[in-house]
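Order of writing sets the labels: A, B, C and D. Residues in every chain begin at 1.
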């Protein structure tokens, strides 16, 4: 079954989506939100694509390689932005993004 | 056909999604982003549900009344937040939200 | 944090989304697909709303009660349809749907 | 504004999403659904990505070229499947898919 073949990938996507949305939520509560604008934006982009790819994999999409390549690109961009910021939620998000990008590239 | 019966509704959802995402994008470019944090958050909530309901209607979802009731609630919340702000993108977004809520309530 | 408060719910939504998409994929491979048409349709409706609510919870949506009420309704409708069919994927999907509806109702 | 630059593209994506979901809905009502299984599957894949990209463009996503390249690939696959079937909804869907792929490739 498709969703069993991709178990590690689905897990990484799920953790990245969660970390990005947590970071997005936490950024919107930060005092100096202007410094976090690009982080908010990329968190949304990354959470949305991770959620999308996760769903697509569980339904047996025929576009696995195309979707994971795109997802890796977006995860890397989000990870690069997040790692610039010292907030714990940003550092954790960067880690989840780079992990997810790596698993996507290996898919 | 489902998507023809709901033509006015789909149009209102599409315009509201566009206005919310435009407002979200513009808020993230504003100088005083901290004042716009709740607007950013509700713009995303509202754009996402409008996009979701629009898709669901075009595929003949059996859950029209439940989805439009939820969407109206979220549109109204987003409209109330946006109308507090003088930015042109916020005022336009509030207008699109209230219009969409009205069409959803009538569906 | 929002996504920690809702850990059990997020888990149930994730399992229901997976079960629905697995059932959808398996239905589309069945010999007598005409008997499964409504199952395919409701699997998609249910997977989509579960995925949506899961994401919304992780980003700290202010609409938890409205989203979980809607999701419970759709999960129950999908569970009722799936439990009519003897296929293993349908029975497992029905179980995941009813479990998710229950956790949504308790949220 | 991002969503004005991409007006033609957003229109093509919206029409393709609508045509795919209409075809999906109509396929699920056909007498010989087994012949339409791959059409149902690709209609969902294509509607979902078109809806996704449409939303992403309106929020000023930084990933325009990556998203439109992926979308074109999926639109073409869906169009190839739909054009095999004589149903009016399939033929119309194929047309919308190829049109959307073309506009995506030019973006």
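Of note:
Heads up, the rule we're going with is that contacts are C-beta pairs under 8 Å (C-beta built on N, C-alpha and C of every residue); 3 or more make two chains touch, one makes a residue touch a chain.
Protein identities per chain, from UniProt: A, B, C, D = Four-helix bundle copper-binding protein.
Being a predicted model, the structure only gives us computed values, none of them experimental.
At the chain A-chain C interface, residue numbers used by both copies make up over half of all numbers present, so the two copies contact each other through mostly the same positions.
Between the chain pairs A-B and B-C, more C-beta pairs are in contact across B-C. Measuring from the averaged C-alpha position of chain B to that of chain C gives a distance of 25 Å. For chain C, the set of residues touching two or more other chains reads 41, 44, 48, 59-60. Contact topology of the protein chains: fully connected, every pair of chains touching.
Across the complex, chain D is touched by residues 28-29, 31-34, 37, 40-41, 44 of chain C.
Put simply, chain B touches chain D in their complex at residues 1-3, 10, 14, 17-18, 21-22, 24-26, 47-48, 51, 54-55, 58-60. Chain D meets chain A in the complex at residues 41-42, 44-45, 48, 52, 56, 59-63, 66-67, 70, 73-74, 77.
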